[in-house]
Structure formats: C-alpha cells, structure tokens
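We call the chains A, B, C and D, going by the order they appear; numbering starts again at 1 in every chain.
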C-alpha cells in the first residue's frame, strides 16, 4: 500500500525533499509511517514534529488507506 | 467681567446660538455662569449637561477670570 | 486638518510617532494604521468605527459629527498619555472625522502598535471606550423622519 | 489566490460575508477590513501582523512564509467556525500572505465585525492566537549571517 508523505519548511529543508512515497503493509497505522520516515531521515529527530493525515492533524493512531496524504512538519509559525 | 460661553450640537440647537457673552460680577464661580445661562435658556434643562472651562471639564467650582472660555454641551457621543 | 504630535513622551520604545487628529477628510484605516509602526513591533491593532445603517431597526440616512475641536484634541492627548501609563505600547494613532458621513464611511480610527499583541488589543479597546466617554465630539443621526443629536453617557455629568 | 467562502453558517446576523484566503499578493489591511462590514455593525477590529525589523536585537533582512495550503485553509475555516461558537460576531476575514516579505510588509490580516465592540476585540485576539498555534504556515527569517525556519509552540506536538 502506497502513501504520500509531504514535507514543508524545516522538514523539507532537513530531508531535502518536498514529498516522498512510502510503501507500507496493510493495516499499518499512520504512526508506523511517521516512524519509518523518521528512521530514514534521522535528522528530523532534532525538531518538534507535527503530523497530518489527509490535511488534518494526526496523533498517529489512524489505519492508513492506499493513496492517503500524510505530512510531517515542525510546529507552525505563521502570523 | 465678561466670559464667553460656547454651545455645541444639541445645546447649540436648543439655544439657537453657537456662542454668547455673559457679564458676571467679580469672584463669580463657573457654576454661577452655567446656572445663569441655564436660567436664560431653560430648554437646556432637559439635557444631561457637561461643562468646560478653558477646554477642560469643569465641576463649576472655579473662580472665573475675564476672558475665560466656558462651554456647555451634552454628554459626548463621538466614536 | 488639525493635527498634533506628541513629542518627548516617556516610552521604552524609540522611534515614537504618535498622532491625534481631527479632520473632515475621508479616513483610510489601513493607511492610518501603518503610520504607527515602529521597527521593534510586529503587530498593529486597529479599531475602525463607521456609520451603521440600522440602529435598533431604525434606518439612519447619514450622520453628522461636530466637535469642540481644541478641547477634543486636548482630551485625545490626555487619553494617549493615560494609555502609555497603563499599557506597554509603542505608538498610538487616533483620528476622528467630522462633518457629514454616509453609511459605511469611517468616523474614527484608533491604531495601536506594541511589541506584544495583548497590550495592543487592550490599549486599543480602552482608547475607544474612553474616547466615546470623554472627547467632546457629538453625532447627529439623520433618519427619514427626523434627526437627533445623540447624547452619550458620561461620568462628567454634574446635573 | 486560494479563496474560500463559508456558506450557510449559523449566525444571528444576516448578510454574512466571511472569507479566509492565502495569497502571495501584498495585503491591504484597510481594504480587507472593509469586506467584513455588515449593515448592522458599527465597528471592525483588525489585527495587522507584519515583518519586524528587529527580534531580540537581531536584524531580520526579510522573511519567507510557506504553507501546507489546503490544510491551512481547512484549519482557518475551523477557527472561524469556533470563533462563531464563542463570540457574538457578525463577520470574519482572515488573509495570510505567503512568499518573500520585506520589513514592514503585512503577513497576516484578521478583521472581525460585530454588533458589539467587545466581541470584535475578543474574537480578533483569539483568532490570531489560534492561527499562530494551529494553521500550518511557517516562516523563515533571513538574517545577514544566515537563516532559520521558525518553529512555534504547539499543543499538537506528539513527540
């Protein structure tokens, strides 16, 4: 099952990517995806990270579906 | 001793005047002036009136000096 | 346009540029707000007061504002001084328009810049409340069937 | 310009015209404020957030804002809905600019119209506080000697 993971700002800079595709086993949780991405980009660990699933904040406990849009970004600083 | 009394808005409309000159005895208080004006224009009595002496709010207890600028107006409604 | 600037007021912020004005010109709230921006601030809070079409279902056609202008400017200056005593603010702009105003036209603009947003909100709200209570300006509402000088509530009333 | 309008939201005020937008165009706080004016209101409170030159004595040359745009618009819509639940307000406008911004340029404008001034102040202050906490937008400060993506504080942090 393939999901898309987006990066913005500091996480885009840290990973050098705006978006990646991740292959996950059926039944995986969003938290599993986030953990795998962080394992692949350990430089993300020094940031306070927020997660989103399909453009809503995620706590990592949702079961992913094929084609889901996930995002990993740092605490927001707009305004 | 002559003092000037100014009217604005509702008090100008009620008196039909923007300004009058009032002759007062030496040692008179601002309150004496205001009372005399209200006696001459009793239609002012139906308003909640504020008083000023030389462009500062007055409680009527100042001794007037020749050339003082007094004013009688209703509670303010700017903004 | 009557215009006064406050010089030499104590403030922790350099680059002061307060102003308080009475004018018959149309007011541009955004332009007024930008005049209070010092380099050390990141936010302005602006109150834009304007002519309401309906007050308690009675339709206003237009308004007329009149002021005891020199006293109004003095009272505005006092309000700004008091605001600096109470709030940590950097700059204040207060502009009140006089004369005839159509529905939707701005009658008063108060802009406050501050290093911290909270103080800007507090000071702006305090300033408009006090302006309506103390600054000698009056509005006449003109309806289809008549007109009324609006009389406010004031602690200065002595009768 | 991404633009959404909220339709059919419950409000005691007719003549609703909320908007929340993300744009790379320059922002005119006064013009944005006037778009939230209903006929039954007499005041708008506007927060104009802009690029500060000095933050703790470090000089900023310019800023760059980036957003997760569709999510940012969803979060703005939620904030406006929550504001209506908490405050008696008539209309809300929220516009955030993205891209490079020079010193003094406006990055965000929040305007709230309400029948009563108090609610407009409260709602405007609440909206900017929540926007900074929840809407996925980030700013990069560019200094003479480097640049930093600013990381906020957020209750959504899970690690």
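Criterion: contacts are C-beta pairs under 8 Å (C-beta built on N, C-alpha and C of every residue); 3 or more make two chains touch, one makes a residue touch a chain.
Since we're looking at a predicted model, the values are computed, not measured.
K.L.:
In the chain contact graph, what is the shortest path length, in steps, from chain B to chain D?
P.N.:
Shortest path length, in steps: 2.
K.L.:
Tell me, please, which chain's centre (mean of its C-alpha atoms) is farthest from the centre of chain C?
P.N.:
Greatest centre separation from chain C goes to chain A.
K.L.:
Using CA atom averages as chain centres, what separation in Å is found between chain C and chain D?
P.N.:
24
K.L.:
Find the geometric centre of each of chain A and chain C from their Cα atoms only, then give the gap between the two centres in Å, rounded to an integer.
P.N.:
From the centre of chain A to the centre of chain C is 49 Å.
K.L.:
Which chain C residues sit where two or more other chains touch them?
P.N.:
Residues 49, 128.
K.L.:
For chain B, write out the residues touching at least two other chains, lowest number first.
P.N.:
none
K.L.:
In the complex formed with chain D, which residues of chain A make contact?
P.N.:
6, 8-10, 13, 47-52, 55-57, 59-60, 71, 73-79
K.L.:
Help me check something: in the complex, which residues belonging to chain D touch chain C?
P.N.:
On the chain D side, the touching residues are 28-31, 33-34, 37, 39-54, 103-104, 117-118, 121, 124-125, 128-129.
K.L.:
Write out the stretch or stretches of chain C touching chain B in their complex.
P.N.:
Counting only chain C, the residues touching chain B are 49, 65-68, 70-72, 74, 96, 107-108, 128, 131-140, 149-154, 156-159.
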